[in-house]
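In what comes next, chain A is part of two complexes: it sits with chain B in the first one and with chain C in the second one.
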Partner chain A sequence: MIALKDIHFRYKKNKPLFENLNLTLEPCFIYGLLGKNGAGKSSLLKHISGLLYPDSGQCTVFGFDAPARKPAMLEDIYMIPEEFNLPAISLSNYVKTNGVFYSKFSFNQLQAYLAEFELDENAKLSTLSYGQKKKFLIAFGLATNARLLILDEPTNGLDIPSKSQFRKIMAASLDEEKIIIVSTHQVRDLENLIDNVVVLEKGHIVFNRNMGEISEKLAFEYNLAGVPAEEILYAEDMHGRKAGIVKNIAGHDARVDLELLFNGIVKNAAGINEHFANYKYEY
Partner chain B sequence: MNTELNFKRLGFFLKRQLYLNFSSMWIAIGAILGLLLIISALFAYFNDNPDIVLNLRNLYLVVYMLGGYIFTSKVFDEMHAPQKSYMFLTLPVSAAEKLLAAWFITSPVYVVVAGLVMVLLSFISASLAGNVEAFPYLFDETFFNCVGVYMVTQAVFFLGATTFRSNNFLKTVLALIVVALLIAAYTGLLGYILFGNSGMRFEEGKANEFEKTAEFVTNTVIPFLFWFVFAPFLLLVSYFKLKERQV
Partner chain C sequence: MEFKENQAIYLQIANRFFDNILQKKWDSGDKIPSIRDMAVEFEVNPNTTMRTFNYLQDKGVIYNKRGIGYFLADDGFEKTIALKKEQFLEEDLPVFLKNMQLLGLSLDDLKVYAARYNGASVN
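Here is the complex of A and B:
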C-alpha cells in the first residue's frame, strides 16, 4: 500500500505545491492520475518514488519511508518518466547491467514483452526511436516484477498499434500485489485500462473514485437536449451540441468518457463530489 | 539484498558503472596517453638535459593528479543529468554502495590504471632519451607521496562531484580558492587582533612553550588530520549529500 499523509511541499522560491495532501493507493488496481499542466502530477510521482522529499508529512511505500530510498523499497518500484536518456548500449547489455538489481526480474517475461512490442534485444538503444525506447522501458519495468509501476505519460510517442498493445500488456500484468499508476494528459488512451481515477488540481486531490462507482453514479451524454437541468452536473459544447455529465438516475452502468469526466471535475469538482456523497445505495 | 551495504550488490553496481563508462574512459586514457607520448618523444629527442626523464616524470605526475581530479568530478554525472538522474536514484542500490563504488573507481582503480600508464610512459621516455637506467629511480619517495596526496585530496573533488550539478571540477576549484581566501583573511585578522602591528611578544620563559606547541601542531596534529581525518570526513559529507539528493 502507498500512503501519503499530510504532505506539504514547495519548490524553492515558489508558492506551496502540496498543502495537506493525503492519498492512499491499494494493490490490485491501476490508477489513472489526471491533471492539467503544472497540477503537480510529476511531483506527486516523484514523492512516491522517493525522488522528492516532502517538507512535512509522511510518504510510505509498502511500509518503507519513501525518502529513505532503501534498496528493499526500490526493488519494488519501477518508474518510467516522460523524458529519459538511455545509454548507447544494446538492449541485452542494458538488461544484463540493470536487471541484476531486481531480485524478481524475469528474463523470460522480458523476452515475451519484447516480442510483443516487436523489439530486437540485440539492437542498440541509441538506434531506437523514442517510442521504441519507451516500449523497451515498459517491457523492462514489467519484467522487474516490481510491485509498484509508475508510468508518466506512457503513451506519448507510441503509435496506434503500440497503444493497444500497451493497454493489453498492462491489463494482463496486474495481479493482487501490484499497483500501477499511469499519469497522462491523453485520457482516451486510458479508457478500458484504469480502475481508479485520481484527479490532481493545483496540488490538491480533487477526485479519487473507482471506475465502477463512477459508471454507476454518472452518465455521459452527448446531447443534453431534454435532460432536466437539475440532473446536469457539467455541460460543454461539442460539435454544436451540448454534451456533459448527468446524474445516473437509472443506476445502470454507463460507459465512462474520461475526457468529459476530467473536464467536468476541473470545472465542477465540488458538484460532482457532492453527487457521490449524496448517493444512496439501494439494496 | 536488503541491507545498507551488500557486497554482491556493490559488485553489480561497480560492474554497471565501469561498463556504462567504459568507452569514454578508454577514449580519455587513449587521448592523454597519445598526447603525453608525443610530448615525451619530442622532449627526449631534442633535449640533451640528463634530467629530462625526471622532468617528464614530474609532468606525468601533474597530468595524473589533474586527470584524477577531473575524472572524480565527473563520477556522478549520471545523477546530475536531468533525464538520467531518476534512473540512478531509483536503482535499488544504497547511498553507501553508490559512494563506495564511485570512490573505488576514482581512487584505487584510478591509481592503479594511471600508475601503470605512467610506468609505460616513463619507460618509453627513458628509452627514447637513451637513459633506461634512470627508469627505476623515477618511482622514488616523491612519486609515492604524490599518489598518497592524490588519494587524500581527491576527496575534495569527490565532495564537489556530489554537491554541484554542473561544471563540477571548475566549481570545486573556485570553492577551494574561496575557502583558502577566507582562511587567509581569518588568520590575518586573528593575528592582527591578537598582536596588532607591533609584532609578537612573549613573556620571559614562555616563548619555548609556544614553540613546542606550534611544533606539535604543525608536525603531529596537522599531518594526522590531513592523512587520516580529512578524506574520511569529506567522504562522510559526500555520503549525506548522496542520501539527501533529490531530482
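Here is the complex of A and C:
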C-alpha cells in the first residue's frame, strides 16, 4: 500500500504546490493519474518514489518511509519517466549492470518481453529510436517484478501494434501484489486498463473513484438533444453536436469515456462529485 | 476488439462469450479461458474480465471449479438463449418498434418482408 498523509510541498520560493494532500493506493489496481500540464502529476510521482521530499507530512510505500530511500523499498519500485537518457551500451550490458539491483529480476520474463517488442539484445541503446528505447524500458521495468510500477506517458512514441502489445503485457502483469500508476494524456490508449481514476488539479486531488462506480453512476452521451437539463452534468461541442456527461438513471452500467470525464472534471468537479455523494437518495 | 460507444466493457465482453456459446465454439462442460487470458485477449484490465465472469456465473452460464478454472454450465446454451431473448425483447425490440412507427410500417407490412427473408435464407 502507498499512503500519502497531509503532504505539504513547495518548490523553492514558489507558492505551495501541495497543501494537505492525502492519497491512498492499494495493490491489485491500475491507477490512472490524470491532470493538465503543471497540475503536479510528476511531482506527486516523485514524492512516491522518494525523489522529492515533502516539506511536511508523510509518504509511505509498502510501509517504508519514501524519503529514506531504503534499498529494500527501491528494489520494489520501478519508474519509467517520460524523458530519459540511456548510456551507449548494448541492451544485454544494460541489463547485466542494472538488473542486479532488483532481487526479483527475471531474465526469462525479459527475454519474452523483448521478443514481443521485437528488440534485439545485442543492439546498442544509443542506436534505438525513442519508441524502441521506451519499449526496452517497459520490458526491463516489468522484468524487475517491482511491486510498484510508475509509468509516465508510457504510450508516447509507441507505434500502433506496440500500443496493443503494451496493453496485453499490462493486462497480463497485474497481480494481487502490484500497484501500477499510469500518468497520461493519451487516455484513449489506456481507457480499458485503468481501474481507478485520480485527477489532479493545481496540486489538489479533485477526483478519485473506481471505474465500476463511475460506470454505474454516470453515462456518456454523444448527442444531448432531448436530454433534460437537470440530468446533464457537463456538456461540450463535439462535431457540431453536444456531447457530455449525464446522470446514469437507466440503471445500466455505461461505458466510461475518459476524455469526456476528464474534461467534465476540469470544468465541473464540484457538480460531478456532488452527484456521486447524492446518488443514493435519488431513488 | 473495437468496443461500442454506450455499453459497459464487461458486458460487451459477455456478449462475445455468448457468441462463442451460440456458435458452439464452447460446449457444455468445456473449460473456458481464464480471467487473465481473456484480459490479455481483449486488452482490458483483469478486474474488468473478472466482472464478466462474475456476471456470467450469477446468470448460471458458467461455473467455477475452485483451483481449476471456469466451465460452461450443462444448460449454458439454453441459459444464453434465454438471456439473449430477454435482451432482444427489452433493448432491441423497442427501438425496432419505434422505427416502425416513425416509418408508418405495420406488423402486417412486415410479414411480406419476413416471408421474403425466410425464402432467401432457404436458398
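As a convention for this text, the second predicted complex is superposed on the first by the 280 of 283 C-alpha atoms of A that agree within 3 Å, B and C clash if a C-alpha of one lies under 4 Å from a C-alpha of the other, contacts with A are read in each partner's own complex, and residues count from 1 in each chain.
Basically, a contact is a pair of C-beta atoms (placed from the backbone, for glycine too) under 8 Å apart; a residue touches a chain by one contact, two chains touch by 3 or more.
Quick caveat, the model's predicted, so the values are computed rather than measured.
Once the two complexes are laid over each other on the shared chain, residue contacts for A:S56 go to neither chain B nor chain C. Legend: residue contacts after superposition of the two complexes on their common chain; A:T127 is shown touching neither chain B nor chain C. Once the two complexes are overlaid on the shared chain, A:A254 sits against chain C while remaining clear of chain B.
Looking at the shared chain after the overlay, A:L193 reaches chain C, while chain B stays out of its contact range.
Using the contact criterion defined above for the overlaid structures, shared-chain residue A:T24 touches neither chain B nor chain C, since it reaches no partner.
In the superposed model, A:E75 makes contact with chain B only, not with chain C.
Shared-chain residue A:N223: touches no atom of chain B or chain C.
Within the complex formed with chain A, the chain C residues making contact are 3-12, 36, 39-48, 51.
Of all the residues in chain A, the ones that touch chain B in their complex are 46, 49-53, 69-72, 74-75, 77-79, 81, 83-85, 87, 89, 93, 97-98, 100-103. By the touch criterion given at the top, residues 1-2, 4, 6, 9, 12-13, 15-16, 19-20, 81-87, 89-95, 97, 243-244, 246-247 of chain B touch chain A in their complex. The residues of chain A lying in touch with chain C in their complex are 28-30, 164, 167-168, 171-172, 174, 192-195, 211-212, 215, 219-220, 222, 252-255.
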